[in-house]
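These notes concern the structure reproduced below.
Letters A, B, C, D and E mark the chains as written, and numbering starts fresh at 1 in each.
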Amino acid sequence: MSIIVTQLFNGVSLGSILLLIALGLAITFGLMNIINMAHGELIMMGAYTTYVLQQVFIQYLPKAAFGYYFILAIPLSFLVAALLGLLMEKTVVRFLYERPLDSLLATWGVSLILQQVARSIFGAPNVAVVAPEWLNGGLTLTGMTFPYKRLFIVALVLLCIFLLFLYLYKTPSGRRMKAVTLNRDMASCLGVSTRRVDSTAFAIGSGFAGIAGCSLTLIGSIGPTLGSSYIVDAFMIVILGGIGKLKGTIFAALMLGVLSTFVELSTSATFAKVIVFALIIIFLQWKPTGLVGAKVRALD
Amino acid sequence: MLLVSNLQAGYDETMILQNVHLELPKGKIVGLLGRNGVGKTTLVKALMGLIPVTNGSIRFEENEWKKERPEARARAGMAYVPQGREIFSDLSIKENLLLGMEALPKSQRSTSIPQEIFQWFPVLEEMIDRKGGDLSGGQQQQLAIARAIISNPKVLLLDEPMEGIQPNIVQLIQDVLVKISSEKEMSILLVEHNLDAVLACADQFYILDKGQMVMNGNCNEINEDDLQRHLAV
Amino acid sequence: MQPILSCRNVMVDFSGFKALQGVDLQVESGEILFLIGPNGAGKTTLLDVICGKTRSTDGEVIFDGNISLTKLPEQKIVHEGIVRKFQAPSIFLQLTPFENLEIAMKQKKNLFSILFAKMSASQKVKIDELLKKIGLYEVRGELAQSLSHGQKQWLEIGMQLIQEPKLLLLDEPIAGMSGEERTKTGNLIEDIAKTCSVLIVEHDMDFVRKFSTKVVVMHEGKVLCEGAMQDIQENEEVKNVYLGRSG
Amino acid sequence: METNWPRRCKGESFRLTEVLLLLKKYSRGTIYGVFFLFLLIAPLMLSDFRIGLLAKFLCFAIIAVGISLIWGFTGIMSLGHGVFFGLGAYCMAMYLKLEASTSGVPDFMEWNGITELPFIWSIFKNPIFAICSAILLPFLIAWIIGYVTFKNRIKGVFFSLISQAVVVVTVTLFIGSQQITGGTSGLTNFFTVFHVPLADPGTKSFLYFLTVSLLAIVMGISLILTKTRFGRLLIAIRDGENRLRFLGYNPAIFKVFIYALSAAFAGIAGALFVLQVGIITPEMMGIIPSIEMVLWVAIGGRHSILGAAIGAILTNSAKSFLSETYPEFWTIFLGGLFLLVVLYLPNGLVGIVEKFKVRFFKKEKKEAEKDAADSLVS
Amino acid sequence: SQTNKPAQRTTSDSSSGTVEGDTVSVGILHSLSGTMAISEVSLRDAEMMAIDEINAAGGVLGKQIKPIIEDGASDWPTFAEKARKLLQQDKVATIFGGWTSASRKAMLPVVEQNNGLLWYPVQYEGMEQSPNIFYTGATTNQQIVPAVDWMLENVGKNIFLIGSDYVFPRTANKIVNAQLEAKGGKVVAEEYTPLGHTDYNTIINKIKSAKPDVIFNTLNGDSNVAFFKQLQDAGITAKDIPVVSVSVAEEEIRGIGANVLVGHYAAWNYYQTTDTPENKTFVENYKSKYGKDRVTGDPIEAAYIAVYLWAEAVEKAGSFDVEKVKEAADGVEFKAPEGVVKIDGETQHIYKTVRIGEVQADGQFKEVWNSGEQVKPDPYLKTYDWAEGLSQQAN
C-alpha cells in the first residue's frame, strides 16, 4: 500500500517536473507554432543562472542569506531565459512564423551554438548547485517520506499554471496573443501590434523554460547538455495534450509521470521508456489531435 | 479622407496595380467594380498595408501612409473586411469582437460589446460564446463586418462583404452602411461584383481593369454602355 | 422517376448544437435543385453529410436507389459519382490549372494506375476543351496560386465537371463572380444538368429565379418548404426569415 | 525565338546571354552530368581517407533524396528516418558480424553470456537475405507505421513528432537489448564481405562505385516519379490532402507508398554505410542524426532531388572540415551555418540558382514580349 | 581483439608516424562536445599537460610532440572516423583517447586495420586485449573485483546493483554476480537505466523495499548526479545504505555537491589526495595550468601517465614504429602520481595499486583501504577460479 502511495507521489512529482519543462513549449510551440529545439538550452540557461546566483551569494553575501538565494533564483532564471528568448525572437524566430517546420531547423542551429557557448563559459564538467537547507529532508507521514524539494516543485508548478491561465484567458494581452498566433495578418489589420505580441509571447514561453531549469538544479545535473535530455519528452507532452491546449498539456504531463513511474516499478527504466513512448504513439493513432484535441471546420 | 495617387503594387516580382488613382471622400460610400482578377483585392490589401507599395502615394488625412504597418493604419482609423473573412476560428465570437476594438485607444476599449452591433446582427448575440470557426459562412461574414465597424473607423474597406449572406441581411447591411457612413462620417470603400448592390448604396464608383482605373463617376449619372464595356467578360 | 438521392431524417449534432434536426430531401435525376435558407440553416452541413465530410448522428442518405452513404469513406462516395465544390475555393495552389484538372479527371485513382499513368491524346484534348470552357486556357500553365478568387472558383467547378459525376454538389458557386460570369456559370450548370443532377446552395435570388426548376428552403436545421421559385417567393415565412423585401 | 536573338543581345553581353540561354535549355542535364562526372573522377583526386568520407556522404545523399521525396514533394516531414537507415545498416552489419565471428557467436554475445546464436541472427548468415532485408525491412516497417498514421489522418507536426517517438522507442529498445543488438556500442569490427576483405583497396573502390551507381539509380527513380502524374499528385497532397479525398483519391495510400519508398532508400544507404564505415550504433538512428538528415535536405533545397543530394554532401563536408579545423568550437560554426541557411535560403542552395534562373528567364520573356509588341506597332 | 585477427591488414607505409623535422605528431581524441564532454574534456587537458611537460624537457627522441586534437563528439562512429583520419591522413605516431568502452570498441578495428596505437585511459570491464591498444586505466581485477571483496568484508553481503545500460556496467555486473555467488554474497536486485537517465525515484523505492546492505554503482556520467541527489532526498544516507561507485571521481563529486556524497565510497587507483611526491607536483601543476578550482582524479591521472608511458616506451625502442614501441613497452616503468606503475607487455595493461576511498565534506577522498602492492592486470580474470565460466567464453 505505502509503495503505491509513494509511487503515486513520485508520478505526480515527475509529472510536475515534466509539466514545468513543457509549459514554456505549450506557448512557443502550442500557441505560436514555433518548434523551438533550443528550448532545452533555455532550460539549461535557467539552471546556470541559479548556479551563478548561488556563487554570488557564497562569495559576496553573509552566510545567513544563503538560504534565500533559491527564492531569488526563480524570478531571475525566468528573466534571463526570457531575455535570451527575446533575443532569439528578434533575430531568428521572427522570420519563421510562416514556416513552422523550418523553425525546427533554425532553432536546432541555435541549440548547437548555445551548448558550446555554455561549455566555453562554464566549462565542460557539470557544476553543482547546493539546495538551501530548508529544502533538504522531507515530510514523513505514516512511514513514507515526501521530499520537500518535490513538494516545492509541485507547488511551483501550480503557481506557474495559475499565472499562465490568468494571463491567457483573463487579460486582453492574452487574447491578443491568441489572435496573433491564429492569424497574424488579420490581427495586425485590427490594430494589434503583432511584433510586440510575438516577442512578448516568445519571451514568456522562454521564461518558463528558465524556471524549469532553476527547479531542475534540485534534482539533476547541471551541464551544457542538460536541456537536450528533456526536449523530446517536452514535445511529446505538448503533442499528447493537444497543440495549443493548456489543459491538455497539464493532463498529459501528469499522465506521463504517473504512467512511467508505475511501468518502471514493474519493469525497468529502459522498458518503461519504450512502453510509455509506444503508448503515446498508439494513443495518438486513436486521438490524432491529442487529449484535448480541437475539431476544426476548415478543410485543411 | 483617403487619397491614392499613382499607386503601384503587386506580389514579389509581378506588379498587379499600375498608376492607380482613387479618392475616398469623407462620409461617402465609394463602390469599386471590376471583373475577376483585375486587382481589386490587391488594391485593398495595399491600402491596408498588407502588401508593399512600390510606387505612388497613399494619403490619409494629409499624412503619407505608404510605409506604415497595418496596425498603425488600423489605429489611425482604418478597418478592413477581407475577402476570405479571416475569422479567428479558435476564439469565441465575443473575443473576435473584442479584438475589433484593439484599434481604439486604451481608454475607449470596453469589455462589453456595444448593443448596436447586436441590433444589426442578432445572430452574433445568440452565439456569442461559440467559436468563430464553427459558424456558417454567412455568419462568419457578418462577424467580420461587425468586427470591423465596432471600432468606429474613419475609413472602412470592404472586400465583397455581401458574399454568402442571405438576402434580407444583405439589405440590412446596405442600410447599415448608408446609415453609418452619413451618421458617423465614415468613408467606405465597397468592393463588389454585384452592380445592383453598389448602385443601391454607393455615392460614387470606380472601375478597375487590368490593374488600372478605367472609369469613375457618380452613381446617379452612370452610363450603362460604358459599364458594360468594362465589366463584360 | 426515381430520386437519385434521398435524405431521410438526417440529424447532425455538434456536441450539443443541433445543426440538422431531421432533414428529408430528394433530388430527382437530371434536375437542378436549389437549396436556400438563412445563414446557419444547415445547408453546408447537409452537403457535408452527403459527401462524407461530416457524419450524421441519425438518419439515412441513399444514393442511386440503394447505396447508403452514411458510412462510406469520402473517396468511395466520389467513386459512386458524387462530387462537391466547397464554399471556399479549394484547389491545389502549387499546381497549374492544367495539372489540377489532370488530377481531378475521371480515371482509375488507385496507387498502381497513377504510378504508371500516361497522358493520352484524348485526355489532353478533354482537358484543353474544358480549360477553354471555363476560361482558363490562357493561364493553364501558371501556378493556381496566382489566379484571382473568381478564377479559382471556375477552376474548381472545372475540376468537378471533369470527373463526370452523377450528382454535383455546389456550395455557392457564383460567390465572387460578376454579372455576366454568373449567367455563364448558370448556363454551364444547365449544360451539366443534361448528364447529371445538381444540388446547389445559393443566396443570389436572381440566379435562383433564373436557373431553378425546384427550390428547397431550409431553416434551423429542417426543411421549411419546397416547390417552384414563384411559390416559394410567396411564402410568408420564407419572406420573413430569408428573403426580406427582395422577395 | 531564335531569330530574335541578335536584336536582344546587344554588344558584349551577347556571348554571355547566349551561353546562359544554352545552359538554361540543357541546365538539368548539364548539372547532373557534372555532378556524376565529379563523383566518378573523385578517386583520382582525393586521398583514400577522403574518398572513404565521400563514400559515406554519398550514402547520406541517398537518404537525402528519399527525404526530399517525402518532405519537399509530399510535405511529410519525417524526423525518424534514422530508424530506417539504422535497420538497413543493422541487417547488413549482422551478416558482416557473423562472417567475422570465428566462434559462431558474435563477440558481444559472449560478453553477455550468450552461447547459442539466436534465431533472429542465424537467418542473417545468408548474405542475399541480409541485403534484401536491408531494403525490405525498412520498407515494410515504414509501410506499417505509415499505413496506421496516415490512415488515421495524422499529419504535419503531429506526424513529425510521432516519428520522433518511433525513434525513441527503437533506439531505447536497441540499447536495452544488448544481448541481441550489442547495445550502445552497436556492431563493429567486421573483416570480410563475401569472404573478400573489406579493407582491400579493391573492395573499397568497388563499394565506392557501387554507391555512386546506387545513388544514380535512386535519383533516377525519384526524378521519374516526380515528373509524372504521380509526382503532381504528391504535390497535391502537400497542398491539401483532404481536398484529394473529394476528388476520389485515398491520399493515405500514396503517402504510405512514398514514405515506404524513402525508407527503403534509407535502408540501402544504411547497408552501404556499414560496408564502408564499418560500424553502426543505435545512436546513429537517434533523434540527432534524424534531424540532421532533414537539415541536409533543407540546406541543399528540399524541392530538388539533386539539391538534396548535394546538400547532404556539402553539409557533411562542412561538418568534417569544421570539426577537423576547429575541434573545440566547430558546433558553433555548424549551428551558425544551419541558422543562416534556413533563415536566408528558404529553398536551400538550389534556391539561389533557381532565383537566378527565374530572373534571367523572366527578363528574356519580358524582352521577347516587348519585341513582339514592337513588331506589331511597326 | 585477440581472437579475431583481421584477415588482411593494410600496413601503412609510414608506420613510424609523421616525423617531420623535429616534431612528431600524436592524436588526441576525446569528446569535446555532446554528453561525454563533461568527463572527457579534462582528459584532453591532462594529456596536453603531459605533452607540454615532455616537450619542455626536450621531447621524445629529441623531437617535440605535436598534438592533433579531434572531437569524438560523444558519438562512437565519429570516434572511428576521427581515429581513421588521425592514422591515415595525419599519420600520427599514436592516439590517446576515448572514455566509454563503446568509443574504444569503435576505435579498435580502426587501429587494428591501420596498425596504429591507441592509449585508453579509463577503467573498464576487461575481457579485451587488442594488440594495438594499451590500457592505462584499471581492468576489473584492479578495481571491481577487489572492491566487491572489500564490500563483503567491511559492509555487508546483500548488494544492490545499479548501472547504466551499456557494455561496461553489464559486463562488470556479470563478473560481480559470479564473484558474489562464489563468495557467499547476494545480489538483491540489478537495475539498469539508459545513459542520461534523470529520474531515480522508482529505483530508490525499489532500493527501499529490497533493503540492501550496500549499493554497488556502475552508473556513468550525468545519471550519478540525479541518483545521489534523489537518494539523499529520499532520506537514505551513507550510514543507512552506503554506495560504492566505480565511476565517481573528484570531478563528478564537484558536479554533484560534496554534501550529497559524504560517507559514500569509491574504488579507484588514484585520488587527488594520494600521498606521493609525484602527485603533489602533478596536482599543483594541473591547478596552476587549468585553474585553482579544478580537481584531478583517476581517469585524469591515467590519461596523464599514458602520454609518459608512451614516451618512455618510444625512448626505450629508439623508434616511433608501432611494432618496436609495443615490443619495448614491456616492463616500462614510470613514477606516476599514483605511485610506480609498470606496463605488462603480455596484456598491454599496467600494474596498479587498488584503493578504496571515502568521500569527505571537502569533496576529496580519504583512503580507507589499499591493496598494498601493485596488482598485476588480468583482463580475462584467468587467475580467479570463480571467473572460469566468464573468461573461457571470452577467450
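The rule is simple: a residue touches a chain if its C-beta (ideal position, glycine included) is under 8 Å from a C-beta of that chain, and two chains touch if they have at least 3 such contacts.
Here the structure is a predicted model, which is why all the values come from computation and not from measurement.
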Averaging each chain's C-alpha atoms to get its centre, pick out the one most distant from chain B. E
Which chain pair is joined by more contacting C-beta pairs, D-E or B-C? D-E
Quick one: chain A and chain D, Cα centre-to-centre, how many Å? 33
Could you please state the distance in Å, as a whole number, between where the Cα atoms of chain C are centred and where those of chain E are centred? 75
With chain centres defined as C-alpha means, what is the inter-centre distance between chain B and chain D in Å? 49
Residue ranges of chain B touching at least 2 other chains are 134
What parts of chain E, by residue number, touch at least two of the other chains? 32-33, 165, 192, 194
Multi-partner residues in chain A (2 or more other chains touched) are 115-116, 268, 270, 273, 299-300
How about chain D: which of its residues touch chain C in the complex? 225, 228-230, 232-233, 235-236, 238-240, 243-250, 253-254, 257
Which stretch or stretches of chain D touch chain A in the complex? 77, 79, 148-149, 152-154, 157-158, 160-162, 164-166, 168-169, 172-173, 175-176, 240-243, 287, 291, 294-295, 298, 329, 331-332, 334-340, 342-343, 346
The chain E residues in contact with chain A across the complex are 32-35, 37-42, 165, 191-194, 196-199, 201-203, 205-206, 209, 222, 224-226, 229-230, 232-235, 251-252, 254-257, 259
Which of the residues in chain E end up touching chain D in this complex? 1, 3-4, 6-10, 32-33, 69-71, 73, 75-77, 80-81, 84-85, 88-89, 100-102, 105-106, 108-110, 113, 125, 127, 165-167, 170-171, 174, 192, 194-195, 390, 393-394
In their complex, what parts of chain C are in touch with chain D? 51, 53, 73-75, 78-79, 83-84, 86, 90-95, 99-100, 102-104, 109-111, 114-115, 117, 119, 159, 163
